[in-house]
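Input: structures, listed below.
The two complexes that follow have subunit A in common; it is paired with subunit B in the first and with subunit C in the second.
Let's look at the complex of A and B:
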């Protein structure tokens, strides 16, 4: 796992078969996560992401947008995503502009149902949209 | 919480304040007793206030804990729910992969890998149960000409239709597989060569009268079949090889027919 992260900067984690590709752009406020997530140590992976989001929400005034192309998540990853959404929810209640854009392959409707489960307690904008089969 | 002053205390306060009593021998001692009592009462009230405050704090703390516990419980439930659904999704994906690995994508029949597995199992079952199984190799006659005339799409459509016919015509316990190209294999368990002969005779007759809609013109095909019975001592692969040889015989002897070999 190659990780580059520093305060006030981009985050870049290259994906593997069992971990998603993560790219957080400090300049645009867009955090993208793509792929499957069943890492051996989910805490280690998600801790950096959660920290990056925390610092961004604290120090950057731009809106934060999460673009998720996640497919399979193991239990630890589901928990971590719930923590991330909790973090966004907290920020949203304090007036921060945050949003989630969950993209799924149209032929995999089940992923959309799972995204809806995640969305349940969120009051910030949370879109679940199909994408074209090509990407 | 300050309680109203007791009438006795009021009375004593008034007595102490009256100038007439100032020189009374008990005046000084009563005055001290009175002040001592008032101080003690203030202390008691302060103590009660602290105790009440502490109780309130504990109650608030408990309510807060209860709230947190309920939140955590909801989170755990949500986590399990989502996680279970991902697991279910994974199981279904595995099942789909397994099907893809064991079935021919064009016809949906068992592929060679699954047929090999089932043949080995049939060999084991035959020895254990003492009942033989038969293998039939089936080949479409002059399939190359069909492909040439109707294109590969046309040929594929005939393969799919034939596969469906095989599934319909064979008994529930029989297994049909695509061996490769235009060659199919039929595994008939608990079946003697004589029974298998009757089954393929019916099948060949059925297929002879069948027309396939490839383009606008109905197309007829014929097939050749070689059938053999597994002998308890041989490997299932030998049974297949023998069925294949008998099929070649049927082809050489003019096609559109079946041959049996024990």
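Let's look at the complex of A and C:
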């Protein structure tokens, strides 16, 4: 796993079979996550993403947008994602502009259902949109 | 070694894929891959194939977490995993491993309690468990995975605990998609 992260900078994590590709752009406020996520201990991966979001919300005034192309998450990853959405919810309640845009392949009902359950606990803009299958 | 007898037993029990031995992180991924390819080739509905894969991952990762927590060595940190079909043609995912007898009883009790919940109650219990603090040091840590499996199953999870002479027990769990 290749990770680069520092204060006030981008975050880049290359994906593996069981972990997503992650890219956080400090300059545009866009964080994308793409792929499957089922490591045994998701927090080994997610802690640094959670940290990056925390620093962004504290130091950057730009809106934060999460673009998610996640396909399958094990329960350990679901728990970690919930921490991320809680962080966003807290920021939103303090007046920060945050949003989630979850894109999924139209035939993958399971991930849409999961995204829907996450959305139930969020009051910030949270889009769940099917995309046309290409793979 | 009577491989033909093993093969016939698998066929009779409608096992498509089976592994027995020390189960590592990378092995879980590799078998998971094989499982996905197999389900693809069977042209299983995507939602069924996602459910089978998810249950397989939660079962095997629960076993790995447990073996680590109990600091089992190579001999005890093994598992048997089988994916097959039942008489009605539904996919089944089963896994078995050695446990301490008390842990086994606690697990079996949890599974029995989960079995009494309907869909709505399962969802509530799952969301409640998600909000529990991170805890890798208790059998309860297996709860989220078990609730997830139960939600993806069309029948209640079936657990079986078979005591062994040395005070341990063999715990087996089957989920039917």
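Here is the rule we use: the second predicted complex is superposed on the first by the 134 of 135 C-alpha atoms of A that agree within 3 Å, B and C clash if a C-alpha of one lies under 4 Å from a C-alpha of the other, contacts with A are read in each partner's own complex, and residues count from 1 in each chain.
Heads up, the rule we're going with is that contacts are C-beta pairs under 8 Å (C-beta built on N, C-alpha and C of every residue); 3 or more make two chains touch, one makes a residue touch a chain.
From a predicted model like this one, the values you see are computed outputs, not experimental measurements.
Once the two complexes are overlaid through subunit A, subunit B and subunit C clash, as defined at the top of the document. Once the two complexes are overlaid on the shared chain, A:82 sits against subunit B and subunit C alike.
In the superposed model, A:11 makes contact with neither subunit B nor subunit C. Once the two complexes are laid over each other on the shared chain, residue contacts for A:72 go to subunit B and to subunit C alike.
By the document's definition of touching, neither partner reaches A:57: not subunit B, not subunit C. Contact with subunit B, but none with subunit C, is seen for A:114 once the two complexes are overlaid on the shared chain. When both complexes are overlaid on chain A, the residue A:43 reaches subunit C alone and has no touch with subunit B.
Clashing C-alpha atoms with subunit C appear in just one stretch of subunit B from the list 93-101, 129-137, 165-173 or 183-191: 93-101. Comparing the two interfaces of subunit A, the one with subunit B and the one with subunit C have residues 72, 74-75, 78-79, 82, 110-111, 117 in common.
Across the interface of their complex, subunit A is touched by residues 25, 29, 33, 46-47, 50-51, 53-54, 57-58, 61, 64-65, 123, 127, 130-131, 134, 144-145, 148 of subunit C. Residues 72-75, 78-79, 82, 110-111, 113-114, 117-118, 120-121 of subunit A are the ones that touch subunit B when the two sit in their complex. Listing the residues of subunit B that touch subunit A in their complex gives 75, 78-79, 81-83, 85-86, 89-90. If you check the complex, the residues on subunit A that touch subunit C are 17-18, 38, 40, 43, 72, 74-76, 78-79, 82, 107-111, 117.
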